[in-house]
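Each structure below appears as structure tokens.
Here chain A shows up in two complexes: once beside chain B, once beside chain C.
Up next, the complex of A and B:
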């Protein structure tokens, strides 16, 4: 009897059912790509110049100079690290209430919308844009950087915390509620134990994002190692720039290994 | 004593989960609530402590109508009602002791619960309850390190820590093996008998209900269709509750299971010799 069943099977198309439309879309993409590539103008002379500069840059990397600008580098690094740590702590402290307020299963609708609004604003504005604003407001230096990173941390952490709270085990919440617990006790006993490991993991992750961002926003004047790096490149001191980049890579790697070790330890 | 009067619940979807349920549970009675899935058993016990808001009707515990309370007063009244859950509903990352002490949350101010500085009497009660359910040496374990039966024992201790006047039990054995199920049912009924505590147990295992309950109420599509002693639960009554099915085969299956258990126990004993 088994001979009467088909011996071949093909996965049915999942997104676009009609074969004609599928081919039309594929053709459209190919035509667009061809046209777009045609509009790119390449000035080969400038490419050659750039390659020569790139070569000097690479040479600087291979012979990084930590010594001649060490005073500037170490000041920049300390500024960046200070900025990173303080902004992460302040950002986390603010994002916890905002994140709880943005969890639909814990708060009434008006609170939810306000907190989601705060998150949306913080996430909509990219760090560099906020840094430009804040540098204009508070002047050059790490204070503007600290404010920028704190603000960006709120959007990132509060959103992920809120999403995590919305996915907690409802049975545990129900059980604690059934004992006659107040709202704060409910958060402390049923919610906090469920989200704590992830909150710590996310905070550590944000710590290393903030360090990397501190290098970027330094370029627009918000202090830290980014400012030092910018100065070094402006002065064509590629050996010092190389040293700075190596230091940034090293610190990010330490943060990466350190935070994954800590997270494993906390779980 | 608990008295439900004309209790109804219609969900936002328009589905009527409970229609006009009137029921009295006297002091010290162990009542089983049986019925098919979706008959409204869970809704009924959750309407009592208002984890689900009833649409209409009264829930009278002692002389308070729970259905009419404001938020703060509801929290105070919830302390009087202990609840035991199907999937244990322990807070898994907290210790066993914290889970038991969480039964006292309605009685202590926030700072005490936050700092885990419970009054000496509460801690003593928690230890006594842990000893009663046989988990004295697991007080400092995390709840997720326990087996299913042990977790349900913690659930029982937590509910009793409230010093409740009524116990609601939602499918206490649904996630447990048959032997542990019987142990848990025996523990619940023994403790309630000791304290003269009225209990409502949602239970889908009819033989288990007949073995342990003093009274059985059958629910079908949100209405009470049977109310009587376990012995009165005839085949006709079960058909009324669950629809047509071969009930004798089910009973037989259960006696087979009991035999198999006894056989396994004998073999273990033989091995031990």
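Up next, the complex of A and C:
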């Protein structure tokens, strides 16, 4: 008995198996792209003008000028770095109680909902938008930036801490509870040792994020290196802007490798 | 029988470990105090103590909300969604080859191309999309295009990093099996590696799209189009009732996009 095998093989579709749906999705994407691309108005003359400026920027990036604006750059960097550290410390200190309060296995329901509410509010708003409001309230400068980053840290850290606490080993909690421990002793001896390594790791990670964000919120007036960068670009001093960007990239790289090394060392 | 001296009170750590720990905390506190002093050296405390009054003032100006402003906002909102979507497509398209250059098991040259690809990924990740937009507005002029390119450049790092990690985690045996059939290099990529990373690829792209919606709402602050332009205009004219409406609209968009992305990712993975 001879069976005929096909001589060619086509890879079967991987995500959408029904052919009709596949065509419908492809058609939908094509229509969307046509509509979306149609709304972009590009002034090609302006782009052509800009390319010369882009070349100057690229040249500035390759030959950064650290010297002529060094006073401004160093002040911005110091503001950014101090803002990063203080806001991370304060943010972590506030997010620990909020995070414990948002863990369903440790607290009664009303506390849980209040703390989850705080987290949701803090996560929903962009740092830049918070910064706009805080600058309007507290005036220009790094203090508004410090408050912004602290507020943003709470949402990030408290959520991850709470999720982590909810996933801890219940056996250890039960064992400590069986000794007659109070609630604070329970948190201190059964929960804290289990989540501490991760909390330290997350705090270091947040330190890294806060530095990156501190470079952004300066654009809306909250101090730091972002303000210096904004000024440099407004003055068309692309060589200084290139220097600032290289410094940001360098510090972020150091922070990233440093924090991953430190996390490995601490765990 | 040996008699051990057990302490009366149980301690979790040895005295030495406790000392080291205390020293560590002390250093952190000292560093914090020092940074605080440097940071607040130029703070004008009169403005800070005035903040509650300012907050109450802004709050009272937000009410009643200016709902009549909503129809005017729909077009900028559509622009914002387009910035995020087209920017994500562009970023993913650029990140895809870079991820293959950066992954240890697929890079054609570990000495030259891999460090370059890794540097592109780090540079793109460390510069926020708002800064990219600031540069691009200066270079190619204000408008949607600057926003799209800014989002695309920022997405390269995120998508590239997650994708190259996914490529490095692929099962080497499947690749070997495809190689054993005599497939060429590109065929190995296409039949051995790409099918393995496809779910991760779509998941990462949708996740980045969700983040990009969030980020594109503020790009207008520096002139890169979308609803942020309206936000900037309303803030500059101090019409806080319009600002509140825009913020609610942004919040709604972000919640919807998060929901869509969670649904899509669950369907894919």
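Note that in this section the second predicted complex is superposed on the first by the 239 of 267 C-alpha atoms of A that agree within 3 Å, B and C clash if a C-alpha of one lies under 4 Å from a C-alpha of the other, contacts with A are read in each partner's own complex, and residues count from 1 in each chain.
Everything below uses one rule, namely that a residue touches a chain if its C-beta (ideal position, glycine included) is under 8 Å from a C-beta of that chain, and two chains touch if they have at least 3 such contacts.
Not measured: the values here are computed from a predicted model.
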Per residue count on chain A, the busier partner among chain B and chain C is C
Practice problem: For A:213, decide between first (touching chain B), second (touching chain C), both and neither. | Solution: second
>> With both complexes overlaid on chain A, does A:181 touch chain B (first), chain C (second), both or neither?
In response: first
Exercise for the section: Could you tell me if A:36 is touching chain B, chain C, both of them or neither one (first, second, both, neither)? Expected result: second
Practice prompt. Mind working out whether A:139 is in touch with chain B, chain C, both or neither, as first, second, both or neither?
Written response: second
Which superposed partner A:153 touches (first chain B, second chain C, both, neither):
neither
With the two structures laid over each other on chain A, which partner does A:95 touch: chain B (first), chain C (second), both, or neither? neither
Dual-contact residues of chain A (chain B, chain C) 189
Residue set of chain C touching chain A in the complex reads 12, 28, 31-32, 35-36, 38-40, 42-44, 47-48, 51, 54-55, 58, 78-79, 82, 85-86, 122-123, 125-128, 130-131, 134-135, 138-141, 143-145, 148, 191, 195, 198, 202, 214-215, 217-218, 221-222, 235, 247, 250-251, 254-255, 268
Residue positions on chain B within touch of chain A in the complex are 49, 51, 75-79, 81, 83, 85, 87, 89-94, 98, 102-107, 110, 113-114, 155, 158, 162
The answer for chain A against chain B in the complex is residues 169, 171-172, 174-182, 184-185, 188-190, 193-194, 196-197
Contacts from chain A onto chain C in the complex sit at residues 11, 14-15, 32, 36-37, 39-43, 46-47, 49-51, 53-54, 57, 78-79, 81-83, 85-86, 89, 124-126, 128-129, 132-133, 136-139, 141-143, 146, 189, 212-213, 215-216, 219-220, 226, 229-230, 233, 236, 241, 245, 248-249, 252-253, 256
